[in-house]
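Reviewing the structure listed below.
Per-chain numbering from 1; labels A, B and C assigned in written order.
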Amino acid sequence: MRFLLVEDNAKLATSISERLTLDGHVVDHAAEISTAQDYVATADYDMILLDIMLPDGDGRDFLNEHRGRQDDTPVIVLTARSEVSDRVGVLDLGADDYITKPFDFSELEARCRAVMRRKSGGVTNAKRFGDLVFDPLAGTLKIGSKTVTLRNKELRLLEIFFSAPDVIFSKTKLVDRLFSYNEDVSENAIEVYVARLRRHISASSVQIVTVRGLGYRLSLT
Amino acid sequence: MNEVANISGSIRRRLTLQLLGIAAVLAALLFVMVMAYAKQVAEESQDNILSASATAILDSAAIQSGEVTVDIPYSALSMLGNVSDDRVFYRVVADGDYLTGYESLPETTPPRGQENRQFLTSHYLGESIRMVSATRRLSNAAGPVEVTVSVAQTLKRQRETLERISTNAAYIGFGFFIAAALLAVLAAQSAVRPVQALANSVSRRGPQDLRAVQAPVPGEMAPLVDALNRFMARLKKSLSRSEEFIAEAAHRIRTPLAVLRTQAEIALRRVERPENRAALKEMIRAIDESSRAAGQLLDHAMVSFRTDHLEVREINLLELAEETLERQRPLAEMQDKTLSLQGEVPPPIRGDVILIQNALSNILDNAIKYAPEGEDIDVTVACEDSWVVLKVCDQGPGFAPEDIEKLTERFSRGKNAQDTVGSGLGLTIAEEVAQAHGGHLKLSNRKNTRGACVSFYFPQS
Amino acid sequence: MRILLFPSVLIVLVASLLSAHAFEIEQHKIFPARYEGATLRIISNSDIDIFAPMVEAFQRRYPSVSVDYTVVSSTELMKALYDEKQVFDVAISSAMDLQVKLANDGFTRPHSSSVAELMPDWARWRDHVFAFTQEPASVVYSKSAFAGLEVPTSRQDLIATLRNHPERFQNKVGTYDIRESGLGFLFATEDARTSDTFWRLNEVMGTLNAKLYCCSADMISGITSGELVLAYNVLGSYASARAANDPDIGILHLEDFTTLMLRSAIIPVGAEHPEVAGTFIDELITAYWSKEGADYYPYPKLDRSDVAPNLSQRAIRLGPGLLVYQDNLKRQNFLREWQNAIIQR
């Protein structure tokens, strides 16, 4: 995904950019409203992460203007103030969601997904691999014409494999991406989810292959 | 907080006593004045009739064969008998020579100028008398003769009249005093009523209500009310300053925590060694705990502040719950937990949307944190008697029975949740919000299955 | 017939202080008590015969009180008390003016009577003078001597009758010598005050050479003896008593007005037994004014019938008005006029 991060704190901006990049996202960073406006004018973003307190103005002004331009790009507000009235205020101004600093990136991801799912309005963004048709936003998986119901963790796991088929993911990496860091899970817990996912797709031409000592990869049979 | 006021006297008692004192003085004054006036009237009426009698006798004076003679009219003395039982004395003197009557009556001073009446209070035959003398000049062959008629009466009647009037005046004075006393009590009561009204209105207030007293008060109480208002304003300012301080402090630590947390996550991605990873995870958890605590402190400060001036409007609790659940759903989904909402549209309640959302968010947040993965959180909206009940149930371990009482206390945490991020502040916030709306919070465990329930009871509007 | 020149009371006061017992006693009687006790000294102008039942009734109730009863004329009574300061416990007199004078001038002592509410206000004065009779001044005549004449009903009638029949009435008319009789003087002054007919009547009586008497009893005796045909201003109470025995005696209460005299009692200031005196006076009051009255009461009893009061009856009011005719000048003038009218010889 392509993010525009509007955040004046340089350290935080750098960290967030770096962290999102680790998950394969592309991040542009604007430290001021004016810069942000330049970015929005020249490029399309999947998501705007917007800080409220900015050196050249209030993030809510940007939001207001952004919505005024009929720009549909979803906005998640990053706020350090946790006052509900502030949060509700930004929702009223057209933000799609907000998240309080410091945040768990898995929560951010979850919220992004929820926002994008709402925004997509049923337009499929499905990916194919073998006879699997997977729409991570809608959370649907089809084997041929047959729909399989997956639970959230299974969806997320499948999404990780789908993002890079045939690439080996270590157990550690999978745990890192699948679980929030304050969830106390061992790496073996991943085997449970892999086993479930294997069961769901056993009827397809795709399988999750165990690469001994390294991890798992998604491959065609 | 429960220190008893240092009481010195009572305004009402003092006012009553002062008014009673004034009433007593006025009653005494009334008595004295009535008596003085009555005495004057009694004396005047006696003087008038004595004058009339003297004049009648004087009118009968004539010169006959060169001698002064008087033919006292019957009525001259009987008229005195008509009005009283008093003894009557008279004397007729012509040019200083005794003519008839009671010779030894007190002497009168010679008349001066035009005034031909003289009044005298004296003693005669062992009794006090009032005497009137009238003088007239008759013409004799030998020249003018001055005839003086004195008529005197004892003062028994006047004394009796005054005694009667004094008794009546005493009754009137006493009656006046009683009436004044009743009015004094009423006046004192009505005078202190504004004070009591103020005291009642202040003591009726909720603990967070620091608004200025707006109700009209008498001018004399304005300084007190002003002082009270100023004091409350100062208190409120200092409270809101401390709330602002908490907000500011929380805000200040959030951004560095965010940097720290993000970098910890990045580091975690890059390190392989389990002990390093464990250390980083520990760090992230600690950061989460601090930020959650800060968030709840902020929420609590906000709730405390906002309960002072609720932005009350009609609320459909089902709608509100739905919106709040929507916000929490991504968090629940992350852990494969389902948030479900059940219930029909309840009667509206009157309340502050933001406060109720905040309280519900805190409870949902707790539930999402504590419920085992993959299990559901059920929210129901229902009516119970005159209450609209918003109930949040999880499938977690439930409350320890001995904790149910204690749990709503600030910062107390359930024993079953000691190792989970978060604090019992969420319940405290919920409790305060429920109370600010005239309701209450109820904690329970699910009947037939595992799980804890938190119920908000809001009164129907 | 004594013609007593009435002296100035005040002048006599000085003169008579020298004599210990100068007043003239007509009758005297002691009513001894059954038991030893106080002696109540009464001075009165009521005859013993008439008044005795009252005393005896009192003694029945208070058997330890002896009563020393002295009868004098009203003028002598005044003299005894006013001038001589004689010691008496009760003074009873028909001369209301003199009783009032005594009370007014401080010769009486107050008595707060426990039965005072029985009597009307006008029947007592200052808690000093208490009236216990109402006796009319009547015309008494000889029925036989009046034969053939219409009995007059008013003073006008009486004047006409006298004037039209001088042959019957010449030297045969009697009335009080008011110079001598206190009661006669009182009746005369009341008459004079009430109506002018009094003077015309006196003039007519003068032309008939009226005889003058000291007392009612003498006048009634005059009627029974044939000395008189008619007597004016006789005490009706005495006449009624005598008429009971002598059918020839006729009593007239003139309709234009009839003066009522109130016999009264006082307690002289020098009384030795004022409490007993008070008790005695209360007995008198009760005997006349109480609802029950008393059988022994010797004077005309109070008319308690519901019949409308006889408006022609005028009770003399106790009060200072009575002092007017006690005034020296007034008295002298009145007596002079009276003499001019009635003594025409």
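By our rule, contacts are C-beta pairs under 8 Å (C-beta built on N, C-alpha and C of every residue); 3 or more make two chains touch, one makes a residue touch a chain.
Small disclaimer: the values here were computed from a predicted structure and weren't measured.
Taken pairwise by the contact criterion, the protein chains link up end to end in a single open path, with no chain closing the loop. Centrality by Cα centroid goes to chain B.
Relative to the C-alpha centre of subunit C, the farthest chain centre belongs to A. Measuring from the averaged C-alpha position of subunit B to that of subunit C gives a distance of 82 Å. Subunit A and subunit C have CA centres that are 145 Å apart. We define each chain's centre as the mean of its Cα atoms; on that basis subunit A and subunit B are separated by 64 Å. Per the touch definition, subunit B reaches subunit C in the complex via residues 69-78, 80-82, 85-89, 92, 99-103, 125-127, 156.
Contacts from subunit A toward subunit B in the complex involve residues 9, 11-12, 15-16, 18-19, 22, 80-85, 88, 97, 100-107, 110-111, 113-114, 151-153, 172-173, 176, 180-183. Every residue of subunit C that touches subunit B in the complex is listed here, in rising order: 10, 103-106, 125-127, 193, 317, 319-321, 323-325, 327-330, 333.
Against subunit A, in their complex, subunit B makes its touches with residues 247, 250-251, 254-255, 257-266, 268-269, 272, 277, 281, 284-285, 287-288, 291, 294-295, 298-299, 302, 327, 329-331, 333-336, 354, 357-358, 361, 373-374, 421.
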